[in-house]
Amino acid sequence: MVTRFNRRKFLVYGSATLGTSMLLKACGGTTTTDTGEADGGTETAAADGETIKVGILHSLSGTMAISETTVVDAEMLAIKEINAAGGVLGKQIEAVTEDGASDWPTFAEKAEKLIDQDQVAVVFGCWTSASRKAVLPVFESKNHMLWYPVQYEGQECSQNIFYTGAAPNQQIEPAVDWLLENKSKDFFLVGSDYVFPRTANTIIKEQLAAKGGNTVGEDYLPLGNTEVTPIITKIKAALPDGGVIFNSLNGDSNVAFFKQLQGAGMGPDQYPVMSVSVAEEEVRQIGTEFLTGHLASWNYFQTVETPENEKWVADFKAEFGDDRVTNDPMEAAYIMVYLWKQAVEAAGTTDIPEVRTAAYGQEMAAPEGPVTMNPNHHLSKTVRIGEVMDDGMFNILWETDGPIDPEPWNQFVPDTIGFACDWSDPAKGGKFEI
Amino acid sequence: MLEGLIGGLFNGISIGAVLLIVALGLAIVFGLMGVINLAHGELMMFGAYTTFVVQNVAKSMGGIAPEIYVFAALPLAFVVSALLGLLLERTVIRYLYGRPLETLLATWGVSLILIQLIRSISWPMVIGLVIFATLFLIGRWALTRYTDWDRISQWANPIFLGLSVAIAAVVSFLVQSSGSSQFVRPWFGAQNVDVTPPSWLRGGVAIGSALQFPYARLFIIVLTILCLVAVYWFLNGTAWGLRIRSVTQNRGMSACLGIPTERVDALTFALGSGLAGIAGFAVTLLGSVGPNLGGNYIVDAFMVVVVGGVGKLVGSIVAALVIGIVTYLVGSGTIALILPPTAFFQPAIDFFNFFATTSMAKVMVFALIIAFLQVRPAGLFPPKGRSVEL
Amino acid sequence: MSTKVLDIQDVTVSFDGFKAINHLNFSMDEGELRVIIGPNGAGKTTFLDVITGKTKPTEGAAYFKGQDLRKFKEHEISRLGIGRKFQTPRVYLNLTPRENLDLSCNRDKNVFATLFKKAPPAEKRTVSGLLETIGLDHKADIPAALLSHGEKQWLEIGMLVAQSPDLLLVDEPVAGLTDEETEQTGNLLMSLAESHSIVVIEHDMEFVRQIARQVTVLHQGSVLCEGTMDEVQNDPKVIEVYLGKETTLTPEQMLLLRIAATMAWADDNFADVQQEVILDRLSRRFAHNPDEQASLRDDLKDLLAKEIPLEELVPQLTTPAQREEALMLSYEVISANQINQSEAVVYQKLLTMLNLPPDTVSRLEAAAREALAASN
Amino acid sequence: MTTEVTTQPRRAAQASQKRKFMIEAIAVIAIALILIVLMPMLLTGFRLNLLGRFLALAIVALGIDLIWGFTGLLSLGHGIFFALGGYAFAMYLELNTLGEGQLPEFFGLYGVTEMPLFWQPFNSFPFTLLAIFLIPAIVAGLLGYLVFRNRIRGVYFSILTQAALVVFFNFFNGQQKLINGTNGLKTSTSMFMGQQVGSDGMRMFFYISTVIALIAMYALCRWLTSGRFGRMLVAIRDDENRVRFSGYDPTAYKVLVFAVSGAIAGVAGALYTVQSGIISPQVMDIAFSIEMVIWVAVGGRATLVGAILGAVLVNMARSLLSERFPDVWLFFQGALFLIVVTALPDGIIGWGRRQFGSAVSSTLGLAPTNLPYLDDSPEPEAVVETPEFADK
């Protein structure tokens, strides 16, 4: 108990004389933590058993903080709502937030800390595929559970991860089909230089080849790079008479890309850009002047007309301010907390294997419409295509009739054609041939 | 063919112009003062955020304001960054003259602080900072006046610092937890912010069928030229410019001749920082504005200075243009297109196609720079004379 | 004819068109001690740079014992047997004198030899002997940074000797040394000259007189004349170069100017009227016709220094006449506009430092007031 | 700086030296025992793993100290060598886990059906072991040769190494098909000597390996920096021209020491990778390589112990501080840079020496140490010199 007192004192002094006391604390911390006591630094941690601890693992600093902090907001809102409604299994949820600092090894380190030291029941987190891939071994080796809220490139189906964002067949493939039908057969693929755009473009190229479209070119920009002149030249050379630009750029590069695209006189009528990483939040940062008329494909837009969405948007704005917007990853993050809660309540415990089994088939009336958790750990979701309007919102041009079932293993990429995933059946597992 | 050539040249120059305007302030601070300012990118960021604030004010004013706000933003970006630079010079840099490696580390520290500052600055934080500054400065002043400062400074300084920090932190924390959510929210946050150039800077002027010169690019090229002319005039045509040059040549002698070297240092650094502000303003026309803005430019800018040679503006100009054009030619795959598609050239074409992405173009440009430095280790326009040769 | 130890043939070095060395021819025999003098900018240091390979000649060639030095890099030239001492002492500050000497003494300078071989006892003995010779044996194991300026100079010469070169190039060995140290250094060089060829570059004429047998005068990158000290000193070309017409300001004028300027800056406010007084008095004092006065005024105006501590300036006034002059000028300067507190304080300081009899002071002050009144 | 003139005879100095060496050896062994025996008992697995990583980072700090603290060359590109070592080991692990004829999983994502040629040698463990040292050493040596040959030094060297870092980052990041780009290579589920790398037993193994490697690298650096070679490094730092005019070729020395420093970073990278479970281009982030420098500066440059101490302390602070106040870390780190540069140029060790140095050494019966880290250019003439090539 002595250590508890010290901890307290450190917190008080810590803010005053950061430098030395932090170092002291560092030493103290390492030698005393194996008592296994709560380390969340909150009052409620004192009486063990009254709360259920969950981990929130996103980048609060570094390049990815821009996106990931919004997701944290959505998760915190869900937790707050659940707590206000009485919690889970009669206990309050206590969130332990960790900063992945946009650094993949840090993600792995923090994941381990959340699991081993904080003994959380579940972790909600990650944004980039790279960070997910970095923590994956941690969750697998400890047989723990991660809920992941962002649309991604697929080709993965871990027993220890639940994916509540879109798989490629719930975002990219319908978008390509729609473009082939409504816009043009000539595609130029632009992406940031990392795994999601690379894989997404592999899928698109296969799909176009199968369905009679043409890939006239593709190019990648290093993350954070803002010099897009060479790419624009290439697009112009490859598509002199217009065509579709399929854009999977991330973050900063988008801003430069759209600003300079307009400067080069390439408007949405001739060169419609279909983005898969530009949602409401990004539209705000890029500026609607540059985006009006361009397209995006998501499962959720703030303009979706469901009663659940109206309530959620209102609640969110009440919590975080009127000028905030909601978007697809935030919605996915919001509902994943609820889905986990449902699974826990169905299982009657927070033990990982029970919760996992109980999660299969969980349904929810989400802001985006009904969703269902499949035994392949992905959600069935509705797919929508929206066009950016002057106010920065999306005008929904098209949507699927109902939720589309997820296909984690892509059915266009030769390596994975004919494979599927089903964790409810031990014989099948993560990758089996249908 | 001609169109392609003009287009290529224009695009190369426009990339070079951005590099140059970013590197200009750096070249001055590095070339004239020997200070490696890794916080240059962050000074740019402050210029960009100034533009953002001015834009928001203009938007709220309505009318014609959003169309002409750039003309207010430009000088303000200069002033804000210059003042910040001045503060930086007075509090940190001036203790480090003649130790370039130390300035490098210290300014890196400053850049980290500035990045986090722009992310988390909010009213409570400002209040905390102001309280800290007041307490600390007033306290110090009172102590130096009424006590035997020399005797007690040993222990009084840290205690005083700690006390002021503690009080400021507590007050700031109290404000943070009691204020309304609107009040305590960070001003900018970690998100990128949206800076929209006025409509007249958004299109482009079309030349022929395939070419279009974006107005924003033209504007930046003109701005870069204006900055160059202004800097050239300032250094070569004014009394302060003369003083700056003389301090660069021989600090000790200049001091003997009655040149206030400290003021010259501060002025030079402020000038370099102000130019960073202008560069920050310029890049808002092209790219995103966020806390990490600076990091995207700083390494390239240093390359320009290194290739150009220290202390010669003309070196930086040529280097920026050459690097810009090479980057463009390699990155856009133009070289591979120019080569005749015969079997003889096929290996060369494959080679250049391999480098024809933005990422790989950087690799190529760096390799070229290293190769260039084998021939001209001191850059394009090396300073000559006995004193500079090893 | 024996081979010359050093033979420079028609060497030119130009930086951007400026010829630091201009068709220079120079040679010296084995065992000779040669002193090179010349005004600032005569190309003395560049001359050494050419020999040691630091600068490659633009034209011409330098030979050491018949070997063309252009073909070698600095460290190779050093290994050939040319040692160089720099103008400011260049020793390894973070190493002890013993370590400094040890590094120079090392015979096998290859990387791996340095890494794997131990210093042979013979070298250790050489180092100990040298430490004694240069008088640093009692400071052999403290960092060289803690040595005095003179000790560093000596250490560097010691390092040079440790290299056991055939030719020593010594650049201003006595700059900043006390008289005693200077003399010792002279003796050291003389004794070294018995077994080495030495080139010394020096400004200090007393010192040159002490050691020189043969003197070479450089001017604007070429040899002006060569000969014994006496010959050189009486050579009209040399006199012209040294007392040349180009520089109009003498050290005495400079000193007065600086004191006056410091007085004027005392209150941090250099009033125009003060500047006027300084320029007026000095130009009239040192030039005789209006044209010269005008040009001197211009020269002076550029040199109005800001506050150099009086402690540095005043001791340089040697004669009572100069002191009086300085006092009067200073008084005029501060009285040119209203005398204020800070000016008065500085003036009092000046008075104490000048240490003139009180009646002289009051006489000068009166004269100054008159002069001021007259000029107004 | 007080002038403490020691006039004791040389023999006593030699005795003191010997004694110093004994004390040092005992201290190193004691610390190693504490780390290997005591720490695993005191710390949880998670914390022990963290400590292991920090010790791996301490190894890279030794490399930085060698090149910066002793030789005066500030490398901002050590992330390259760190990454090369890490990748070499990770590639071996990746292949070691696979059965005959299988390809690493990620190749399937990008449609690569044949293993790239440069992967082949990493099937062999001895080759990998050598590669961890040699590849970074060769890359560093080559880069060093090209740079030093032209007498590019000071900040120019720093900037060029930083640019090289950016280039390597871009290359590794962009080459999805060769080395899996941004995602990097995972190691924790790979097999090593028949066991999973992420398993508890293996972790302990790697932890102990790290401690041993740290001691080995410490001994290597100690050997390099004492004796003539070490004095040569200091001499190059103090006055490269003097070195040249004394008949040495500094380029050779600098290339060698840069290569050794790179190799040390490679070892650190390999050990760090297996303990953190992943190697990705992120370790070639600009910030990470500058941080390495600050570890050394915090500990005290030109003192090997300082480098280790600094690396461990700063990383510990980072880990704990960012757990509790993620926002504060950058402020803290920025302040650290400023403080070290302006107020504590000798780092913790230097400060400690000044405060307690004489007391400690007299207790141990040693000659008083008086070795402040002297500034690169304490001479007033040198201060005004222009930084780059300039050298009067």
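Going in written order, the chains are labelled A, B, C and D, and every chain counts its residues from 1.
One rule holds in what follows: contacts are C-beta pairs under 8 Å (C-beta built on N, C-alpha and C of every residue); 3 or more make two chains touch, one makes a residue touch a chain.
All values reported here derive from a predicted model rather than from experimental measurement.
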Per the definition at the top, count C-beta pairs in contact and tell me whether C-D or B-D has more. B-D
Chain with Cα centroid nearest the overall Cα mean is chain B
Round to the nearest whole Å and give the separation of the Cα centres of subunit A and subunit C. 71
Taking the mean of the CA coordinates per chain, how far is subunit C from subunit D in Å? 44
Quick one: subunit A and subunit B, Cα centre-to-centre, how many Å? 34
Would you mind listing the residues of subunit B that make contact with two or more other chains? 116, 119, 295, 357, 359, 362, 389-390
Contacts with two or more other chains occur in subunit C at residues 54
Residues of subunit A whose C-beta touches two or more other chains: 60-61, 193, 220, 222
Quick check on the complex: what are the subunit D residues that touch subunit B? 74, 146-147, 149-152, 154-156, 158-160, 162-164, 166-167, 170-171, 173-174, 240-241, 286, 290, 293-294, 297, 327, 330-331, 333-338, 340-342, 345, 375-377, 382-392
Touching subunit C in the complex, subunit D uses residues 1, 3-7, 10, 13, 224, 227-229, 231-232, 234-235, 237-239, 241-250, 252-253, 256, 302, 370-371, 373-374, 378-379, 381-382, 392
What residues of subunit B sit close enough to touch subunit A in their complex? 7-8, 11, 14-15, 18, 116, 119, 162, 165-166, 169-170, 173, 181-182, 185, 189-197, 199, 202-204, 206, 210, 212, 214-217, 283, 285-290, 292-293, 295-296, 327-328, 331-334, 357-359, 361-362
For the complex, give me every residue of subunit C touching subunit D. 52, 54, 73-75, 78-79, 83-84, 86-88, 90-95, 99-100, 102-104, 106, 109-111, 114-115, 117-119, 138-139, 141-143, 145-146, 159, 163
Residue ranges of subunit A touching subunit D (in the complex, touch as defined): 18-19, 22-23, 25-27, 29-31, 33-34, 39, 41, 60-61, 97-99, 101, 103-105, 108-110, 112-113, 116-117, 128-130, 133-134, 136-138, 140-141, 155, 193-195, 198-199, 202, 220, 222-223, 413-416
